[in-house]
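In what follows, structures are represented as C-alpha cells.
First chain A sits with chain B, and in the next complex the same chain sits with chain C.
On to the complex of A and B.
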C-alpha cells in the first residue's frame, strides 16, 4: 500500500507539486496523467527518492520513506518498496552488462536466488538469445522488457513507470501494455503509471489522477473521470484526443473555457 | 494533380529496398495521411519529394510536383522548388531554428536571400505571417530568440516560415508528434485553417492511425516500404481491409470501454530483413504459405486499394475490428 500525503516541491519560478496526495492499494493501478509542466514526473521522482520533496510524506506498507536514513540496509529496503522504469531504458541500463548479467547483479545485491534469472527473462518474454545480448543489441521494446524484469527482480511493492511506453512503436507499445497487465495479475505488484496518454491509462489503470500545474485537479475511477469529467482541464485533455469525426477547433474553444474558469 | 508519386522504388544498401513501388497522389486543397511505424519509409517519401535522398541511393519511378519530375529536374529548378513550391515542417522545431538568431531573422532570411525581397517588406510580411498563425504581438515575437518561446509557439513559427514563400504543397513530417496533446490539437486546428484558406495540398506523416483518420481526407498505410492500404480516412478507420491496418487499430488503446488489446506479434522489420513475399506475412494472423512468395500488388477495395493476397477471402471472413 502506497500512501502519498501533501507532497510539495517548488523549483525556481515554478511549483512542480502543490499538496499532492493519493493512495494506491496493494496490487492496484493508478494513472498519473498530465502534460509537460504538470509535475507528473517530479511526483514520480519524489516517490523513488530522486527528488527530495519540500514537504509531505511518502508511506509504503505503513513505513514512511525517509531518504535521509543512511546505510546499505535502508537503501536496499527502499529499493524493494518502490522500483522505477523510465521512458528510455537505454540510459538506465548498464551498457557493459548482458541482460542475464544485469538481472544477476540486481539479485546478488538484494541477496536473492540468482537462479531466478531465466524465470525473470521468461516472465517478460525474453529468450536465451536476448539473455546474452547487451542493451545496444536489443530493440527498444526488448530493452523496456529488460528494464521491467530488472525492476521485478527485487519483488517491489510498487512499480513506477514514467512514460514507459511513449517512445515505442504502436505495435510494440501494445505488447508492453499487455505484459504490464499480466505482471500485475501474476505478481500482485501495484502499478503507478505516469503518462500523457489518456487512452493508455484508460487501458491499464483502475484509478486516475489528473495533474495540472502541480495540482491534482481531478481524481477517481478512470471510467468515471473519462465519462463525466468535472474539471475544465480534464475536458480539454479529453477533447484533444483524436477520434473519428474529431474537430481540433473544438479544443481551441475548450481552452478558452478553461482559461475563463481560471480567472474566477 | 499537385503531387503524384509513381512506382517509386528506392534502395540504399540494405537487404531490402527502403521504398517499394510506392504510388500516391495529393490534390490541391487535400490532406493526405501517410501512416507507418519506424522504418516503414514514411519520412523517406517526404524527403524524396524534395530530392533529399540517402547517400548512394538507387531510385526508380517518378515524383511529379505540378507535373515536373523532381528526380530528374536540373539543379536550378530544384532550388526553386525547394525555396518556394514545397515546404517541409519537421517534428522538432528547435532543430529547425538557429538558437542564436532571432525569430525575425529566421523568417526573413529566405525571403531576402532567396526570393530577393527588400528587407522592410520581408519584415512586415513576417509579422503578417506570425499573426496568421495566431501569435499575439507579432512585432515583439520577431525580436525574440527561440529559447524564449514554448514548443507549441515555436512550431507556429515554423509553420509561418513554411507559408512564407506561398508554397502549393506542405510536407508535415510528424509535425505535431512532439507537442503536448492539447497543443497538438490547437496546432492541427491552425494547420487545417491555413490549409483550407490557401487551398494547399498537404502530405501529413504520422505514426498515429487515429490521428491520421481524424485529420486527413485520405490515408496511405505504409509497412516495410510498401503501401499496404490506401483509402478514404473514414472507411479505413471503420472497415480496414489490410490485416496490418486492422492490426494497428486492434492494438491501439482507445478512450471508450476497454477492449482487450490484440498486439501484433514480432517487431517492425529492419532494412536487414529480407522479405521476398508480402512483408507483413511473418506477423500476419491470416498468412498462408503462398503469402511468403506473393509480391504485394494493389487490389481494388471499396474506396481505394489494399495490397493483400487474401482480400477476396478477407471480405467474407473479416474478423470484427
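On to the complex of A and C.
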C-alpha cells in the first residue's frame, strides 16, 4: 500500500504542497482533485520521484522511498513501486520507438520476459498493426493505451495517472477510463487518479482527496464528498461543472466570496 | 575497367560548372553494374526538393565518386611531373591545364578531393563527439555543471578558432593530423552550444521523464534515447559545418599549417598556384579555388534544405 505523510514542496512564490498526507490501500483507487495550480501534478511528480519534496515521506509497502538512494537496483525497485501515465500522450512517448520497441525497452530494463509484448499490447486493446507503429502513426487514444501498457510492463504496485484523459476526446476518454477500471480489476494495481474532472473521478475512484493551494481541504469516499461537500472549495468545484440551468456568473460570485473569506 | 555511375553520366548541370572535378571525363560503359535499385536509391536521395539542393546533391555525389575513384578515373598520377607542359592551358591532354611543374590539375584536384573531404569528416567526428558530450551533459545536469560548462564553452567560443589552431600547430608541429584535431577542438564549443540548446528542449519532454520513472539511468537515457532523438537536428547542422570545416582546413593548408607538399589538398594547391598568377596562368588557383567554393556552397544548400525539412530554419 501507498502511504504519504506530510509531503511539502514550495516553489519560489507558491506553495505547491503543504503537509499533504493520504493513504491508498493495495488495489484501491484514489482521486486527487483540484483546479489548475492546486498542486496536484506536483504531488504526483513527488510520488514518482521526478520532484524532490522539501519534507515528508512516501512509503510503499512499508518501505520509504528515498530519491537520494542511488544505484540501478534502487532505481528499478522504485520503478516497480510506482509507475506514472502522463497527461499528454503526444509527447510522453519516445517518437523514435515503435509500440513494440517501447515496451521491449522497459521489459529489458527490468529483466522481464520480452515475449510479454503482445500480451501487454492486447491487455490495453492494441493489435499487431499498432505494434509496429511509431507514436505519430497512432491516434491519441492509442498512444495513451500504449503509455498505460508501458507503465504496466513494470508491474507496479501503484499507478499514478496525471490528468491521463484530459488531452483526449470525450468519447476516447470513456474508453480509456473503462480500460483503467478493467486493468485494476485484472492486475490489482492501485490507481491514483489526478484530475480536475469530477465526473472522471466519480467514475473511476472510491476515495477522493480535494486539493486547494497545496492543502488537502477535504477527503473521503467519492460518493459522500461529491454528494455532501463540506468545504466551500469542493462546493465551488462541483458548482463549476456545466449542467442544465447552470449559471457561470454564480460560480464566479461564489469564488469571490470564498476567496474573500479565506485567511491567507 | 572504369566504373561509371548513373549520376556521372549525362548530368549537364554539373558539366556547366566553370571548373572543378565536375568536369571529370565520363569513362565509357559499365552502367549495368549499377542496378535499377541503386539508381532509384540515388534518385530518392537526390530527387526530393528544390532544384538547388538537387544540383548540390548531384555535384557532391560526383565529387565523392571522383575522390573514391581517383586512381582509376584520373588521367595522370597527381605527382607526375612534366615540365614540357608547365602552366599549360586547358588542352585535350590536360583538360583543366597543368601547374608550374606540369602536374595535371584535373588529376590533382580529383586526388585532392580525398584529403579535402576526409579532413572535415574527421574534424567533425572529433568536434561532434566532444561537443555533443559537453552539450548533453550541460543540458541534462543543469545547475552548476551547466553554468561551468557554458562559461567554459563561451570562453572557447570567443577565442578565434584559427588562432587556437595556429597555437596548437606551433606547439605540436605542422601537419594535417594536428590541424584536423586542433580544428576539431576549436569547433567543439559551437556544437556544444547548439546541442545544449536543442537538448534542453528535448529534456523537457515527458518521454524523458517517463524513462526516469521507469528507473533508467541518466547515462542510458542520454546515450540511447536523448542523443538519438537529437540526431536529426544535429545532422542538418553538421552538414553546414562540414562546408565551414572544409574551408577552415583549406585556409590552414593555404597558410602552410595543414597539408604539406606534395599533397594535392585544395588549399595547398591554391597556395602553390599563387605564383602562377603573376605569370598569367589562372588555372592553378582557379581550379582548386572553384572546387572549394562549389563544395562549400553545396554543403550549405543541403544543410539549409535539411533544416527546412525539420520545419525550422537554422543559420
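Everything that follows uses one rule, which is that the second predicted complex is superposed on the first by the 257 of 264 C-alpha atoms of A that agree within 3 Å, B and C clash if a C-alpha of one lies under 4 Å from a C-alpha of the other, contacts with A are read in each partner's own complex, and residues count from 1 in each chain.
Please note the rule applied: contacts are C-beta pairs under 8 Å (C-beta built on N, C-alpha and C of every residue); 3 or more make two chains touch, one makes a residue touch a chain.
The shown structure was predicted, so the numbers you read here are calculated from the model rather than taken from an experiment.
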Exercise for review: Overlay done on chain A, so just call it for chain B and chain C: clash or fit.
Suggested key: fit
Exercise for review: Please indicate which partner A:75 is in contact with in the superposed arrangement: first for chain B, second for chain C, both, or neither.
Suggested key: second
Review point. Thinking of the overlay built on chain A, is A:150 touched by chain B (first), by chain C (second), by both, or by neither?
Key: second
Practice item. Examine A:39 and indicate which partner it touches, taking first as chain B and second as chain C; both and neither are also allowed. Key: neither
Practice item. Give the angle at the C-alpha centre of chain A formed by the C-alpha centres of chain B and chain C in the superposed arrangement, rounded to the nearest 10 degrees. Key: 80
Check your understanding: Who does A:169 touch here: chain B (first), chain C (second), both, or neither?
Key -> first
Point to revise | More chain A residues in contact - chain B or chain C | key: B
Practice item. Working from the superposed arrangement, determine the closest approach of chain B to chain C, counting only CA atoms, in whole Å. Key: 19
Study note, to complete from the structure: In chain A, both chain B and chain C touch residues none
Review point. What part of chain A is in contact with chain C in the complex they form?
Key: 48-50, 72, 75-80, 82-84, 86-88, 91-96, 106, 109-110, 147, 150, 154
**Study point:** chain A residues within the chain B interface of the complex
**Key:** 35-36, 139, 141, 169-175, 177-178, 196-200, 202-203, 223, 226, 236-249, 251-252, 255
Review point. Tell me, which parts of chain C touch chain A in their complex?
Key: 205-207, 209-217, 225, 228-229
Check your understanding: For chain B, which residues are in contact with chain A within the complex?
Key -> 37-38, 151, 180-186, 188-189, 192-193, 207-211, 213-215, 234, 237-238, 247-248, 251-255, 257-258, 261-265, 267-268
